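I have a structure I would like to understand better, so I am pasting it below and will then ask my questions one at a time.
Letters A, B, C and D mark the chains in the order given here, with residues in each chain numbered from 1 onward.
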Amino acid sequence: MTLHFTPVWFIAVPLLLAFLAPLWVRWRLLMPVLFSAQVALFALALSWIPAVRIAPILETIVIAPPLGIHLHLDAIALLLVALFSFAGAIITAFIWLDNGAAHLRERPAFILILLLIAGSNGMVLTGDIFNLYVFIEIVGVSAYALAAIRRDKTALEAGLKYLIVGSVAAIFILFAIVLLYLQTGQLNIAALAQAFSNMPAQMQLLIGLLMLIGLGIKAELFPFNFWVPDIYRGSDPEITALYSGVLVKAFLFVLFHLTFILLADPTVARNWLMALGAITMIVAELVALRQNDLRRMLAYSSLGQVGLITLALAFASEATTAGALFHMINHTFIKVLLFLLAALMLRQYASLKLTDVHGLSRTMPLAAGLFVLGALAVLGLPPLSGFISKLWILKGFSDVQTFWPVALILTAALIEAGYYFRWIRAFYAAPTDAASMAKMEGEKVLNYAPLLVIAGVLIVLGVAPFLLEDWLQQAAQALLGREALLNAVLGVQP
Amino acid sequence: MAHYIIDAFAMIGMSYIMGFLFYGFYRQFNARVQRRWGPSVFQNFFDNMKFLFKTETIIHGPMFFFGPMIIFAGAVTTVLFVPYLKDSNWLQGFSHSGNLILIIYLLVVGPLGNALAVGSSGNPFGVMGVTRGLTRLMGLEVPFLLGLALVMVQHETASVHAIMAAQTDFAHWNLMTNPIAFIVMILPFMASQHASPFDVVGAPVEVYAGPRVEFSGRLLGVLMTQNMMMTVAKLVLIADLFLGGATTIWALIAKTFALFLLTAAVSTSFPRLRTEQTVDFFWKIPLGLGVIGVIATVWFPWS
Amino acid sequence: MNLITKLLFLGLSFTPAATFFTWDGAVAWSLLNGITLSFDLTPLSAFFMLLLAIGAPLIAVPMLREKSDESAYALYALLLLGMQLLLLAGDFIGFFIGWEMMTWSSYLLLLRSPRTDLEGAQSYILFNLVSAFLLLAGMLFLYSITDDFRIQAVDGLLTADKLVLFVLFGLAFLIKVGALPLHLWVPRSYDQAPDLFSAFLSALMSKMGIYGLMILPLLFPDGFNEISGQIFNGPVAGYVLAWIGIITATIATFKAISQEDMKRLLAYSSIAQVGYIVTALGVGSSLAIGGALFQALVHTLVKLLLFITIAGIILQTGHRRFIDLGQLISRMPISFFGVLIGIIGLAGMPPLPGFAAKYLMYVGLIEAHWLLLLAAMILASTASFVYCYKLIYGPFLGHANSPEAKTATEAPWQYLIPQIILMGMLVALGIFPGWAIDVLIDPVLIGLNMTPIGTPAWNVLATSYGGYDGVAVMGVFATVFVLITVLFLLVRGNMHRAASPYDLSFCGEVPTADTPLHYGAGMGRELRRVPLIGWILRHTTTGFYAGLTRQTQAAAGMIGTLYGSNPQTWLLLAVLIFAVTLTIQSVTGA
Amino acid sequence: MYHNEHCEGFQCEQQQLEAALAQSGNELGALDRLMAWFRQRSLFVLAYGTGCGAIEMRPLMTSRFDAERFGIIGAATPRQADVLVISGYLAIKTLKRVIRSYEQMQAPKYVIGLGSCTINGGMYWDSYNTIKQLDHYIPVDMYVNGCMPRPEALIEGFVALQQRIAAGTPSGFERYRANIDWYKANQRRVLGDNMPPDYTYDWYHAGGVA
């Protein structure tokens, strides 16, 4: 008998495994299952590549669209799903191998992480807007709970704040969906896309704004991202890595997926979104200059990168989109790397204030080295993959002689260098407190194994980016290819 | 080979003799201006010999000893790279292997070797003097070389022989054809000869803190010898460049003497300047003239 | 294990040499669609590769003395790799990759010094990144016009486009060479870097900026003739570049004179020396370019020699300031000769090759009739005598000023071997300037489509303006020196060495060990009384950059207040924005 | 002496004095004679005014009396000087400097004691802090007495010194070498522990005592 692989598995497997959690607890298999689930999903995603390369896969759940719910696995969805499961696998492996943070190796965390992954996969795969909302809520709830999972004061505060903000964002999104449904009577995204242009302009604007704010809060765009540093600072770095690496990317995808598919002419929103991205980027980088806490700094840096990706995606040319997707991947890797490093450093240091981590390279040389690698990659310095993605984006802008984003991106990178290198310098400076240095324990290479994998990927992708090139270009085409998608989902339409 | 050796010794001897005679003349001239008799014209020779025959000489380490040797070697090399006569096989030295820019740099070799020796003596007063000397050098080299560069541009060559050959008669002397260059160059030239009013660096009689504060006996004699030879070499160089060179020894003596007389006249007439005044003076007056010269000869090629 | 690592490292340091000698044929690496990296060794890049091939092992040898430090070795290897990529690159992407690898690996090496402070590290990386990003912007702009990343002649550009490109590339490379007023990072980093790495920074990395500047004429073969015509006897771009170079050289020279620390002095002197190269590049004639290359060669050798020697002194004494040293001539004689040969080369005195370089540059300037530039260059090179003298007087002559200087011994052999090799190279080059012209420089000039300088014999440096014979100069000087020394020693009379270093004529007073007899720190201070120099030394760019940093920080702080920690505010803001945008849109849109 | 046919005033003085210079020591060898002749033709005087007699050195060197015509000229440092002129009384404080300067001069070197004070203390015969007999502390080659001696007297003294140099008469510095212990003992008597350092006469320790 051959198992019938379908895209549903990407959602179903994690859900199923999460529900069977008591079993794994009894058999003491929680972490192995969690890890192997992600690896399996990643393998599954890779096995789909040949098929998706030929044509997007459409998986109908009950009845055919536009009436039924369907999952839509095209190149970009596959890319993101693979990315999510890879990032999930890395983080899980880290939690598994690491000897700290016991609360992350218990049942609640197990369930919540799987739910988060399932939800994110669902958001990327689904072709139905209400279904999308459901997944957003699944992801949201698991994220709020994960933020508070450490159950101390700061974690609980972060969880509560996240809950408030996230719920409001969900309300905005829900409101937009309701309006859409009221106007068109449709819930299938493709069908909505066809009907969207027939709506009154005022209504289009209202829905657009509601969506923008709702998703903007979730995807951390500028005037709506004030919550980010607090949450990132409050929750465990491993969880933050999930947020920054998986969650934000899923929401960014949703934002742009909806933009590109609902609007017949994406240039309407282009300038708005580009401006939003540029402001997000510059503001976040500037604010990060003054941050003295490593995790807050990483949070702002994450915002800056989101701004950059937004800027590039909003431009909606194929080169910038492909570059932005590549950058999305890189950013996921880098931020997972950096946040996990922060987690490791937190084991040794009471606080990650700039003044407290002087001389960190003496006790944790590997961590300091990997931090340097991550910083170089996030700054876009060759020969790491961050350089290639940035170059791709910049080249995309130069192709059409648009230079203001180039100038902004380079300026932002410069500011970013300003603070990243301040940290690097602190790591390699003479220690302020030599006595406490002495009693710190050495590094266990095993803890670093997942991080070294990421580092390897960053280098390989930097030297040989052509490995991903075709896939990325197809993904970009899929993201921008409104007509193709409508045709694929709805068949030949009158 | 024998020709070269004889020629070289002839040049060295001639420089030495001209040197002490010129300096003797200078002391006489100075004395007459001050209404006194003054010493014999050979007084510098006597002084020099006295120092060379001193029975005792103190040295402060090997570099202190080698410094005067370097400066002497630099002086002799300079002498040998300046052509003394025009259109002659004699008194040429190795001047065909060099050029004007090389000679200008050779002029500086000596002072730098000397500076090493002074530093090696460990006497801070000497080093003060060296610093003053290098500062003055900084001031004077700029207009001096600019003046010479104007000549090089005029003749499109850095070869002293070629420049000499181009000055066929009095009307074609560079003094006539390029007077600005001469005026620009002449005051720094005097300073490069340690002539008053630019001689605060190592005024031998009055100023304690000079480069020579630690030198005694035979080393001082060597320094004195090279100074006289160097003076002659510089005079000959300027005569070559601006006064059309000389075809006979008598013409050479006459021309260099005329230049020396000019220097002596200026020295006796003006009070001494401080180092920074010297530098400032050179960067204002001769260099300003030099800039005018550049504008007149290079930017507006009608002249 | 230790030994194997060290041997491996030494082997790695020979990679540029291996590349230089064994490279044949071009290599291409397809990075992305439309971006193919191509690598090849052109005559120009071969010249700079040779510098790297000479310098890298010579710095590696003394590095072996310290206890084996794998990460430093790895970074050094990366740095060498980056520089080789940069030199080999046939397109801008490869160039940029090499450039950036060089930047960050050198930054990390810089951090390994305990002396590196925040300002030094930050100014190093930020200035270099600005340079890199300007380069990136320039190449993207070029790409947007030509649709090609390859380094090749571009013609038919609009003047405005060309100007933009020229400014972008020019600034990028001028930052790297440390031209004023973009030099702030140079003295700090050269001063604070590990002592041996300073040699690398000054001798080799500054040359990469020169290499970049030399690529520019390849890109724009016709220069800016259409703007300037022939007002300045040459392209206006060259004229501007030349003035930038010479102003840099002059001001840096005066700054160097006023330094009290050996490495800082050398840092400013590097800026000044590279300034000459920039000037010569601005002239652009084949003589001047030849001079620039010659100067690049000499400066590399000289700065390697000086920095390695000074690293040896610092190693042996632990002091770096002039006032803390002195009288090392008797304790570190080989180092003394190292510095002596170094400063003679630095000052451009005959018979060492510094003079040949100066000679070519002077003749280039005279040939171009740029006499005011010549005057400024003379000023800078004469003023450099003062700091050269300070450099040898401070550590070696005078009186020892600290207990360490009184007991120091000669530097270890790992330091002496490179010194001796470099001294030999410098002397040989001085005697045979024609060899360098014939073998090293003419191929580059031919590669750049310029008339080679040519030389009748290896010992002669010949130009259309006359030349000189290295063997004759050296021979005459050496013969006279030997003769006079022998003669002097033959004359009868008692010559004796002072029995005490305090036997000084000191106005009748008796100096003791407590008397301040060392003049090293004060030397050159009195230069401030010269109005021009005083004015230069009173003004710095530090204030401007500090102000810029302060303003940026203030702006960051101000924006940072937006990010409060109150959820109500976040939500209020979101709703408010929603409402306001909606209102505005519906009012204007309706 | 001032009324001759071919000369007038102090012009005659020079001729008379120079005439005396021409005849020099017959007992010396040719090279030594030549050297001695050069030495006496060129005397560099250390510009060191120890007492009130220094006021007489200025007219001596300048236009009125013009010592330069005898080859006598000032020198700034003891290293270059041949002659040390002790111009008048010598306080004990100054004595130390004088001894040091003298020892730093390079042989051959000469000392001229100017004024009565250097001979017997002069008007300071009972002063507690001046030395009375210079010759006890450093060797004096020539005394010029008077209080003050006129520049003419000084010139006569110099010329007499020149004659002695030309004649090859053993001069003070050789006496100093030979009797260094005596001189040092005398110096120690007035200076006490405040002696100039002994490395300035290192030939004494190196066994080079004449």
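Criterion: a residue touches a chain if its C-beta (ideal position, glycine included) is under 8 Å from a C-beta of that chain, and two chains touch if they have at least 3 such contacts.
Here the structure is a predicted model, which means the values were calculated and not measured.
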Co-neighbours of chain C and chain D resolve to B
The pair out of B-D and A-C sharing more C-beta contacts is A-C
Chain-centre distance (mean CA atoms) for chain B and chain C, in whole Å, is 35
The distance between the C-alpha centres of chain A and chain C, rounded to whole Å, is 44
Cα centroid separation, chain A vs chain B, in Å, comes to 78
Flagged in chain A as touching 2+ other chains are none
Note: chain B residues in touch with at least two other chains are 53-58, 208, 213-214, 217
Chain D touches at least 2 other chains through residues 77, 79, 107
Full set of chain pairs in contact is A-C, B-C, B-D, C-D
Interface with chain B, chain D side, in the complex: residues 14, 35, 38-39, 41-42, 44, 47, 62-63, 66, 68-71, 73-77, 79-80, 82, 106-108
Per the touch rule above, chain B residues touching chain D in the complex are 27, 31, 34-40, 43, 46-47, 49-50, 53-58, 203-208, 210, 212-217, 220
Touching chain C in the complex, chain D uses residues 48, 77-79, 97-98, 100-101, 104, 107, 196-197, 199-200, 202-203, 205-206
Given the complex, residues on chain C that touch chain B span 233, 327, 329-330, 340, 344, 347-350, 355, 358-359, 362-363, 366, 369, 371-372, 374-375, 378-379, 382-383, 385-386, 389, 392-393, 396-399, 463-469, 472-473, 476-478, 480-481, 484-485, 488, 491, 493-498, 501, 503-507, 516-519, 523-524, 526-527, 529-532
Per the touch rule, the chain C residues reaching chain A in their complex are 30-35, 71, 93, 96-97, 100-101, 103-104, 107-108, 111-112, 114, 116, 118, 121-122, 125-126, 129-130, 133, 136-137, 140-141, 143-144, 552-553, 555-557, 559-560, 562-565, 567, 569-571, 573-574, 577-578, 581-582, 585-586, 589-590
